[in-house]
Structure formats: structure tokens, C-alpha cells
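Once you scroll down, you'll see the structures, which are given as C-alpha cells.
Shared chain: chain A. Partners: chain B in the first complex, chain C in the second.
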Partner chain A sequence: MLRLENVRKRFGDQEILKGIDLVIENGEVVVIIGPSGSGKTTLLRCLNFLVRADEGNLWIHDRKVNLAAADRKTILEVRRSTAFVFQNYNLFRNKTVLDNVTLGLIKGRGTARGRAEEIATAALEQVGMKKFMARYPNTLSGGQQQRVGIARAVALNPDIILFDEPTSALDPEMVGEVLDVMKGLAGDGTTMLIVTHEISFAREAADQVIFIDEGVVAEKGQAEEVLAHPREERTKRFLRRLLPDSAA
Partner chain B sequence: MSFQFDFPFARRAFAEALLGIPVTLSVVLAAFLAGFPLGFLIARCRLRRTPVISQILTVYVSFARGTPVVVKILLFYSLLPPALEHAIRVLGLNFSIYDLNPIVYAFIIFGITSSATYSEIWRSALNGVDSGQYEAAVSVGLTPFQAYLEVVLPQALAIGAPAFCSSTLSMLKGTSVVFLMAILDITGRARLAAAMGYKYLEAYVVIFLVYLTVCGILEQVFKLLEQRLVRFRAS
Partner chain C sequence: MGKLFDFDFLLEAFPKILRYLPVTLEITFVAMIIGLVLGLGIALSEIHNIPVCKQLGQGYVAFIRGTPLMVLIYLTYFGIPLMLESLNRRFGTGFNTNAIPPLAYAFVALGLNDAAFNSVAIRSAIEAVDKREIEAAHSIGMTALQTFKRVIAPQALIIAVPNLGNQIIGLIKGTSLAFTVSVIDIMASARIQGSRGMRFVEVYIDVAVIYWVVCFLTGKCAALIERRLRRSELTAPDEKTLEKNDIYERNV
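And then the complex of A and B:
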């Protein structure tokens, strides 16, 4: 189980996160939705210390980590038990596809190269990118890059994978291939926290949906419940704008 | 004035100038070995805006880049020896500064100049690496140092490579002024030959050709190095 408690963050005089609480069970897929600028990316980044929260706790492995005050060693440990899939992939440009996936294993976790390559090959196979192993990222399409990005996260076998709008930088025809990979992971019981605007994906793959608005959790619950029968007026408004022709 | 080009003399001057190549290259190499890592450190401090140090470095860089090397040589060469001599006397050391090979001054002056020039290249190269690259590296569990070493530095090197090469080549040409300190580099050797034979035109043509050749060869070497180093496109 992973738990976030009272996460707060301000940039300048703007309060972006106003005390977020959230619980994710092992094997659960949680989707975060919410309007642009509501703080979704900031929340994921706080969890991984890419942004330093002003306040808040993270429970991981029955261990309490202070997001505002964790030291270097703790930060490294948290990062080594989580993985991040970025909106614009952020594959290492100076490394081949294979090396992109093995880097964290070899340098971060001290896995022997041979073993790391076995793990990486399996992960690339899983996302259908094994035959591109020797290529450099800039020779791949966006969808292919993002699938490698997912393999890079999966290979680390983390407690949770954080996805920040993994398909929103993609051309429409490539969205499907990435979402299919993610559905596969959901089926395998991978714990995932996903920020996305893909409502039909959320309906299909998510256990829990959280609607964040202006830095607070405005509504949360079972995916079907929140997406099809939202209680809050602002959730309804947001979904209507996202799905103009749906009944919600 | 007769324009008789003395070929046998030119040939002798050429042989003489070739002897200066190792001296010229040693100044370039010393300046590179000092300036390249120093330049990186300067760039990092300035990019991180380390208080005080960053401001001092900004002043240092603009002084080092904003003054001609000739002026630095004239200034250093007349200021430094007496100052060092004084220091040595105060310390009671038995050593005459005037025994010091003037090439040491050349190392210092070009080390300073190149550290400033390289730091500017490092700065734009490091800036050119997308911050997402560093973030991805720490997100897979690398330490900040590892992230730099594995991901940020190689990409910055690739971005900066052409500028590093061309500034090193212009530094090589710039070292020709060290003859002012009686250093026998390419220019110094050829001028010495010229002075002895009173044949300046021949010597200058020789100098011209030697620099052209050395720079041409070095440029090719850099190109090969760059190709080996950078097997990916940085952006």
C-alpha cells in the first residue's frame, strides 16, 4: 500500500496543492483527472522528489517519508522503489533503447550487466520494442519512444509506476498502442498512478478515479461511479467538456 | 626593394619552424588540460547561481575574455616575475625566477584565457540539455552525480563539440604571440631564422604555411574524435 497525506506545495504566492490525501492499494490502478493547471503533474513530481513539497507525508513499505524534509538517502530509496513515465518520454538521447532500459538497473540498483540485459529484453518484448533494441531514441516514433519509456519503468520492477499524461504528446494514431501496453500492465497487477485525459481508458482499466481541481481532491471513488455518475457539480462540468457527446 | 624569394633559405626556415611545433602544441595542450575542466566548473557554478562565487566568476570570465592575449602577455610578463621574485626572497628560497622557462607563463596565460572561453561553451552546452534528461535519470534511481556523468555530460559534450574544436583551433593560432616572451614556438623559431638571415618575407610565408598545415591536420583529428565520441544526434 502507498499513501499520501496532506501534500502541499506553493510556487511563489500561488498555492498549487492544498493538502492532497490519497491511498493506493497494491495492484491497484488509480487514474487522476482534472483541469489544466490543477496540480496533477506537481503532485506526481512531489511524490518522486522532482519537486520538493512544502509539506506532506508518503507511506511506502510501511515506512513514513516526510516529503518536505527527506534527506538524500531517503530520496534515493524512494526513487528506487518508484518509476516515472513522462509526457514527452525523456528517453536518454545518448543511449540506445537497450541502454535506456538497463541504465537504472545497472547504475541505480547494481544489477550485473548480463542480468540487466535479460530483464530489459523481457520488458522490451512486453511492449513490442525488442527489435528496436539497438536504435537511438531519435530514430523512433513518439509511440515507440513512449513504449520504451514504459519498458524502462517496468524493468525496474518498482512498487508503483507514475504516469504523467503518457499519451498526450502523441499523434492520435499512436495513442492506442501505448494505452494497450498500459492495459496489459493493469491486467498483470502492476500498481499504477496515472494522470490522463483518456476517459475511456480510465473506464476500462482504472480501479479508482480521482478528480483534482484547484489543488484539492474534489471527488474520488470507483472508476465507474466517478466517470458515469459524478456527484460533484465541477466533476460533471469537467467531464462534459471532455466528452461533449456523453450522457455524463 | 628586390622581390627575390630565397627558396633555400625558406626551406631552412621551414625546418627550423617545424621544431617549434611541439612547443606550440604543448601550450595548446596545457591550456586545454587546465581550461577544459576549469571551464566546466566555472559554468556549473554560474548556472547554479552559487552566491558570491558566481558573481566573482562572472567578473573573471569577462576580464579573461575581454582583454587581448597580447595585452595579458605584456602585463603578466612585466608584472609576474618581479612579484614572484619578491615572494621568493621573502620566503627565503634559493631559486631565481629568471631561470624559470617562460613557457610556464604561456601555460598560465592561455590556461586562464581558455578556461573562460571553454566555460562559455560549457554553459550553453549544459543549457542545451533538456532538464527532462536529468529528471529521467534520477527517476530511474541514479544519484545526481551519476545522472550527470551518464546522461547530462555526454549530451553537453556532443552539443558543445563543434564549438570546443573551433575555439581550440583559434587558441592554437593565438599562441603565436608567445614569441613576445622569447618562447621558441613556430613563430618564434621562424622569426629567429629570419632575423639571422634578414629574410623576413620568406620566414612569414613559412609561418603562414606551417600554421595552415598544423591547423588543417588538427581539424581533421577533431572531426574523427567527434565522430567517435558522438554516435547519436544530441538534438
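And then the complex of A and C:
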């Protein structure tokens, strides 16, 4: 189980996260939705210390980590039990696909190269990118790059994978291949926290949906419940804008 | 009346001048190492905002940028013995300032000069590395040092190579001032040959040709290195051959 408690973050005089709480069970897929600028990315980044929260706690492995005050060693430990899939893939451009995936294993986890390559090959196979493992990222399509990004995260076998709008930068015809990979992971019981605007994906794959608006959790619950029968007015408005022709 | 231009003299002097090329190359090499190490240090202290070091570095770069190389050479030539002498007086140390070989002044002056310009090139190269890749490295649990070694440095190097190549070419040309502190390099040797035969155009053509060839080759080397480093941005290996062999080339 992973739990966030009272996460707060301000940039300048703007309060972006105003005390976020959430609980993610092992094997659960949690989707975060919300308007642009509501703080979704900031929340994921705080969890992984890419941004330093002003306040808040993270429970991971029954261990309490202070997001605002953790030391370097703790940060490294949290990062080594989580993984991040970025909107713009963020692959290492000077490394082959295989090396992109093994780097975290070898350097971050201290895995021996041979073993790391086995794990990486399996992860690439899982996302359908094994035959591209000698390629460099800039020779791949966006969808292929993002699948490598997912393999890089999966190979680390983290407690949770954080996805920040993994399909937003993709051409529409490539969105499906990435979502399919993610559905596969969900089926395998991977714990995932996903920020996305893909409502139909959320409906299909998510256990829990959280609607964040202006830095607070405005509504949360079972995916079907929140997406099909939202209680809050702002959730309804958001979903109506996202799916103009839906009944929501 | 004698000849205006003596081509035979030019040819005879050439090997005599060329014999001192190793000295020129030695100054270049040592000053380059000093320049790279110190330049990297200054660049890192600025990027990481290390107090005191950063300000010292910035002041240093500003000072060097506004100081002609010739002045810097004289400053080291006269300044270093002065400093050592004052240490001798204050602490009773026994530095023998006369024992300092002229080459040492050339190393120091050119190295210090090079460091300032390198630091600018190195810093902008490091800052040009995509921040998103750095975040990705952090997200997979790499330490700051690992990130620097594996992600930042290799890419910054590619970006910096053309600039550093030009820097080295400047350095090679700068060594031609070392004769002012009585280093015998190709320039000094040309001057000696010239006054011996009272023919100067000939020897300076010789020395110009040598500088030109060395700089040309240096430029070629830099371009070659850059191309090799950039191979990751070249086209992908042929899919078919890959599948057939089921092997992959590794960038070691």
C-alpha cells in the first residue's frame, strides 16, 4: 500500500497543491483526472522528489517519508522503489533502446549487466519493442518511444509506476498501442498512478478515479462511479467538456 | 644586388624550424589539460551555484577576457617569481625563482587563458543538455554523480567538441607568444633562423605553413571526434541485418 497525506506545494505566491490525500492499494490502478493547471503533474513529481513538496508525507513499505524534509539517501530509496513514465518519453538520446532500459538497473539498482540485459529484454518484449533494442530513440516513432519509456519503468520492478499523461504527446494513431501496453500491465497487477485524459481507458482499466481541481481532491471513488455518475458539479462540468457527446 | 626573396633559404630553414614543433605541441597539450580541468571546475561551480567558487570563477573569467594574452604571459613571467620571493621572505621557504624553466610560464599563462574561455564553452554545453533526460535519470534512481557521468557528460561533450576544437586552435596560435619569455618553440626558432640569414619573410612563411597544417589537422580531428560521438544521431542500423543476426551493436 502507498499513501499520500496532506501534500502541499506552492510556486511563488500560487498555492498549487492544497493538501492532497490518497491511498493506493497494491495492484491497484488509480487514474487522476482534472483540468489543466490543477496540479496533477506537480503531485506526481512531488511523490518522486522531482519537485520538493512544502509539506506532506508518503507511506511506502510501511515506512513514513516526509516529502518536504527527506534527505538525499531517503530520496534515492523512494526513487528506487518507484518509476516515472513521462509525457515526452524523456529517453536518453545517446543510448540505444536496450541501454535506456538497463541503465536504471545497472546504476540505480546495482544489477549486474548480464542480468540487467535479461530483465530489459523481457521488459522490451512485454511492450513489443524487443526487435528495436539496438535502435537509438530518435529513430523511433512517438508511440514506440513511449513504449520504451514504459519498459524502462517496468524493468525496475517498482512498487508503483507513475504515468504523467503518457499519451498526450502522441499522434492519435499511436495512442492505442501505448494504452494497450498499459492495460496489459494493469492486468498483470502492476500498481499504477496515472494522470490521463483518456476517459475510456480509465473506465476500462482503472480501479479508482480521482478528480483533482485547483489543488484539491474534488471527487474520488470507483472508476465507474466517478466517470459515469459524478456527484460533484465541477466533475460533471469537466467530464462534459472532455466528452461532449457523452451522457455524463 | 641580392635576391629579394630566397626560396632556397626558405627550404633550408624549414626543417630547422620544424625541429621545434614538439615544443609547440607540448605547450599546447599541457595548457590544454590545465585549461580543461580548470575550465570544467569553473563551469561546474557556476552551474551548481557553489558560493565563493562561483564568484571567484566569474571574476576570473571577466579578468582573463579583458586581458591580452601577451600581458598575461608577462604577468605570469614577472608575477610568479615575485610571489615566490615574497613567500620566501615571509615563511623562509627556499624557492629558487631562477630555476623555473621558461616553459613553465608558458604552460601556466596559456593554461589560465584557455581555462577562462573553456569554462564558458563547457558551461553552455552542460546547460544545453535536455533537462528532461536529467529528470529521467533521477527518476530511475541514479545519483547526481551517476547522472553527470552517464547522461550529462556524454552529451555535453558532443555539444562542446566544436567549441573546444576552436579553443585548441586558438591555443596553438597563442603558443607563438611563448618566445617572449624565452621559450624556444617553432616561432622562436624561426626568429633565430631569420636573423641568422637576415631573411625574415622566408622563415615566417615556413612557420606559417607549420601552424596552418597543425591547426588544419586539429580542426579535422575535432570534426572526426564529433562525428564519432554523434553516431547515435545517425540513421538506425538496418532492421533486416539486425533480425537476421539477432545481435545488437553496443556503444561501449
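Quick notes
FYI, the second predicted complex is superposed on the first by the 248 of 248 C-alpha atoms of A that agree within 3 Å, B and C clash if a C-alpha of one lies under 4 Å from a C-alpha of the other, contacts with A are read in each partner's own complex, and residues count from 1 in each chain.
Definition applied: a contact is a pair of C-beta atoms (placed from the backbone, for glycine too) under 8 Å apart; a residue touches a chain by one contact, two chains touch by 3 or more.
In this text, all values refer to a predicted model and were calculated from it rather than measured experimentally.
The superposition on chain A brings chain B into a clash with chain C. Shared-chain residue A:86: touches chain B and chain C both. In the superposition on chain A, A:113 makes contact with neither chain B nor chain C.
Contacts of A:64 after superposition on the shared chain: neither chain B nor chain C is touched.
After overlaying the two complexes on the shared chain, residue contacts for A:134 are found with chain C alone; chain B is out of touch.
Within the superposed three-chain model, A:231 lies out of touch with both chain B and chain C [touch as defined at top].
Partner contacting the larger number of chain A residues, of chain B and chain C: C. In the superposition on chain A, contact of A:98 is made with chain C only, not with chain B. Overlap of the chain B and chain C contact sets on chain A: residues 48, 50, 76, 79-80, 82-84, 86, 88, 90-95, 103-104, 107-109, 136, 138, 152, 156.
The residues of chain A lying in touch with chain C in their complex are 48-50, 76, 79-80, 82-84, 86, 88, 90-96, 98-99, 103-104, 107-109, 131, 133-136, 138-139, 152-153, 156. The part of chain C that touches chain A in the complex is made up of residues 130, 132-133, 135-143, 146, 150-151, 154-155, 158, 232-233, 235-237, 239, 242-243, 248-251. Note for the complex: chain B touches chain A at residues 130, 132-133, 135-143, 146, 150-151, 154-155, 158, 231-235. Remark: chain A residues 48, 50, 76, 79-80, 82-84, 86, 88, 90-95, 103-104, 107-109, 136, 138, 152, 156 touch chain B in the complex.
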